[in-house]
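First up is the structure itself, then whatever we jot down about it.
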Amino acid sequence: MEHNFIYNLINNEVIAIIAISLLPLIFVLIYALIAILGELKIASFVQERLGPMRTGPWGIIQPVAEVVKLIQKEDITPSAADKKLFNMAPYIMFIGAYAAFAVIPFSSAFVPANINVGLFFLFAVGAFAIIGIVMGGWASNNKYSLLGAMRSASQIISYEIPAGIALLTIAALAGTLNLQELIEAQSGWFWNWFLFGGDGSVWKIFVLPFTFSLFLIFLVSSLAETNRTPFDIPEGESEIVAGYHTEYSGIKFAMFFFAEYANMFVISALITILFLGGWNSPFGEFLGGPIWGVFWFIIKAFFFVFVQIWLRWTLPRLRVDQLMYMSWKVLVPFSFLCFFAISLWAMLK
Amino acid sequence: MSERRRIEFEYSGVDTERMRVNVGPQHPSTHGVLRLEVELEGEIVTEVIPHIGYLHRCFEKHAEAMTYPQVIPYIDRMDYISSMNNEWPYVMAIEKMCDIKIPEKVEYIRLICAELNRIANHQIAVATFGLDAGAFTPFLYLFRDREWILNVFETISGGRLLYNYYCVGGLRNDVYPTFKEDCLDIVRQVRATNKEIMDLLVYNYIFVERTAKVGVLPPDVAINYGCSGPVLRGSGNAFDLRRSEPYSIYDRFDFDVQIGKGEVGIVGDSWDRNIVRMNEMEESCKIIEQAVAQMPNTGDVSEAIPKKVRVPKGEIYCSAENPKGELGFYIVSDGGQKPFRVRPRATSFINLSVLPEISKGYMIADLVLILGSIDIVLGEIDR
Amino acid sequence: MKDYIRKIWLGIYTVLIGMGITFKHLFAKKVTNQYPDRWHPIDENFIGRRSFYKGDEKRGDIPPNSRNRIFLDIDLCNGCMGCVRACPVNCITVETLKVVPGDNVQPLKDGSKRGLWVTKYDIDFAKCCFCSLCVDPCPTNAIMMTPEFEYSSYDRKDLVYRFSDMTEEEIKEKKQLLEKFQAEKKKEAAAKKAAQPKQDVTKETKGEVEKGDE
């Protein structure tokens, strides 16, 4: 119950709990608006065009316009669809993305639930998305949607394995699954980050290539988890139709997209916590502390959101069997290799 | 990886149910309205039947009722992306039949416009090929460059996509004073962007993995089906009408015929056809530079245009190297002002016929890429 | 094994090169022209048209021979119907009436004699294909293609542009004059025929209403 300043602020427990669960929701809402605008603007700037400029100065009100447009659309349900599952699918996917916010520490003084198996919880809840996708594909009663959903399910499951091994390695390096303690183990200057091998003597030069490759492996697998290009077969091609969210319109479609952006942030947050030191300032004690922690955390997480958007507009798509090849034949062996090397290092430390 | 796929396909002794799927007339890419009826076995394509005719506009029937100059706007609208190249074989055919001698300046301007349009066409081909594969950015870079070419064409002829510029015996307008410098500017920009596209798209490993060894077209099959253009040259056949049967003044220029060499994969796959198009853009740049240096500055472009085009009785077939292949016109005349019959040998129609042959055994995700690499435009197929 | 390592290295390397290119473009100059604010402008990086034609602030730099909406100067039209015959899609419709010799007729704008009243001159822009084949046959340069392209309308009938400026009464009046003239001519010809039966009646009435040709 410590590590959370709201408890100190509001003495009433029930109100404090409500405030704590609402704060990430507000953050996610604001972040989704920024992310939508960011994606549109970064996409246009990469393509040497200006993007939305008419809605507000420099297109700032564009995300609001998009949300309003989606809300006022007609909510169509196919007549032969399974109504209960069809309606539940987008919300389940969003629940999966949002539940992860329960354990993400924004600073040393704010983490909604400081549980000892934080990393494990995060990973488990991240798998919720599969259920939402398969439900959406099945309940649409459309063979293309079903095929797209099945492909997406197999893609996410295959890429969970290298991601899981990467998490395992970091846990081995830090000796704990608690996210706050993970971050505190990386305190100090930026060479104490797990990206550079965690704190230790100068001999960690030897483990540096392994941590770098582990970082890359985790980055790639998490891209596949969120269905972003180059792994966007479920929502891009999929036999020329739009995959599992073909039949959705209006608020449910908005929910799917909202869930995708929220997932992007969760993944970026996870990468910064594991490899880049979370809310630690890169200069040690200078500009450190609980309030600056929020700033550093958000900067680092947004940088990875930017990287994801950047990658989307650069790379072509992978085909399904190439995706499977990459996961099982490239990422899994390398992640095992890194796991052995790093745990050896952790043992010898 | 395709070896593994082929083994899977042949080995399956289990009688699975084959599915017939429509890749419908509305496409998410710029190929037009083409309907493909695909028979799938799981993910593998076993049969493809193209259905065409959604863009039929009775061009040949119209041509029987128009005078010879009036047919030219209709010809523009066949392969609407490379209109300058479309008009050329037609006016060449009529000039041959009527024995009209063209001034030098006209020949040079026609050649430069045709080569610029070849670059513009290949830019669209490569851009939409990347778009089919999922790369959104090269599309915009290439379209930005294409804008410069279209600006030149707008200043010369007045239109941006459909020009109606060549006419029997010459051209309709003269070029503007700074035409030569503009062409050299464009050549410089095209070369710079092509270098970027090579790095960003063509040699990108994901793109290579998707297009290499996919849609392999053996050279003898290509000849049997009558393919021409980059589809034929991508399989290793060095056949280019500009080199083997030089028309107009092409024999004065020094350029290479680009063929596919199987650099990353097998000779004749989709990547090869794409690299042939990229290299042909470079060759066109070379031709334009040489032509601009040799072009005479003085001369009247409309001195040889006849007042009324009256073609003597007879028939002629005249073809030219379009960006997509060989476009030819077979004109039958009965001695009057209106043609008796104008029959185009449409490039994309014949190139499309090879699609069912080369897409057997590949996955449906590859089918889209194979179609993109053949580079069809429905205006020419349906006329 | 070597192939495997090479493929992985290639994959990472080409992705990084691609990312470098797109990152560089993030800071490049953007090419968008925000249309209603800036009209087809020339800017410094505009390859393809040097300062050959510099338009004005309002109309932008569309080249003057750009083929957009057609304009007909009705005071120059002498009703020869060359444009009608040249149009490949039959979008021009012209009706004329012969000028009676006794009528007080003003010459055309360029001074030449007016031989025909142009009672109807319609161009249907829904059909026009902007090929400018109608411009060449015109003997008085009455018809020309202007760079004006913002003329969309909500109704297809509004796209039929009527250029003739003769009112209904004028047309009726000219028609009556013509019929009177034709009737007189017929009487004359009949009288001549009755007076001299051996001579050929070659004076056929030529003043018929000519309709637009196919």
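By written order: A, B and C. Residues from 1 in each chain.
Assume a contact is a pair of C-beta atoms (placed from the backbone, for glycine too) under 8 Å apart; a residue touches a chain by one contact, two chains touch by 3 or more.
Everything numeric in this text was worked out from a predicted model, so none of it was measured.
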| item | value |
| --- | --- |
| Chain nearest the overall Cα centroid | B |
| Chain whose average C-alpha position is farthest from chain C's own | A |
| Distance from the mean Cα position of chain B to that of chain A, given in whole angstrom | 45 |
| Mean-CA-position distance for chain C and chain B (Å) | 31 |
| Euclidean distance of C-alpha centroids - chain A vs chain C, Å | 59 |
| Contacts with 2+ other chains: residues of chain A | 46-49, 313-315 |
| Touching two or more other chains - residue numbers and ranges from chain B | 137, 141, 144, 200-201, 204, 206 |
| Where chain C touches two or more other chains, by residue | 15, 18, 21-22, 25, 31 |
| Contacting residues of chain C [partner chain B, same complex] | 7, 10-11, 13-15, 17-18, 21-22, 25, 31, 46-50, 52-53, 62-63, 65-67, 86-88, 129-133, 136, 145 |
| Residues on chain C engaged by chain A in the complex (per definition of touch) | 8, 12, 15, 18-19, 21-23, 25-26, 28-32, 34 |
| Chain B partner contacts - residues on chain A that touch it in the complex | 43, 46-49, 229-230, 232, 236-237, 239-240, 313-322, 325 |
| Chain C-touching residues of chain B, taken from the complex the two chains share | 62, 66, 69-74, 137, 141, 144, 147-152, 154-155, 157-159, 162, 164, 172-173, 176-178, 181-182, 185-186, 189, 196, 199-201, 203-206 |
| For the chain A and chain C complex, residues of the former touching the latter | 42, 44-50, 53, 216, 310-311, 313-315, 330 |
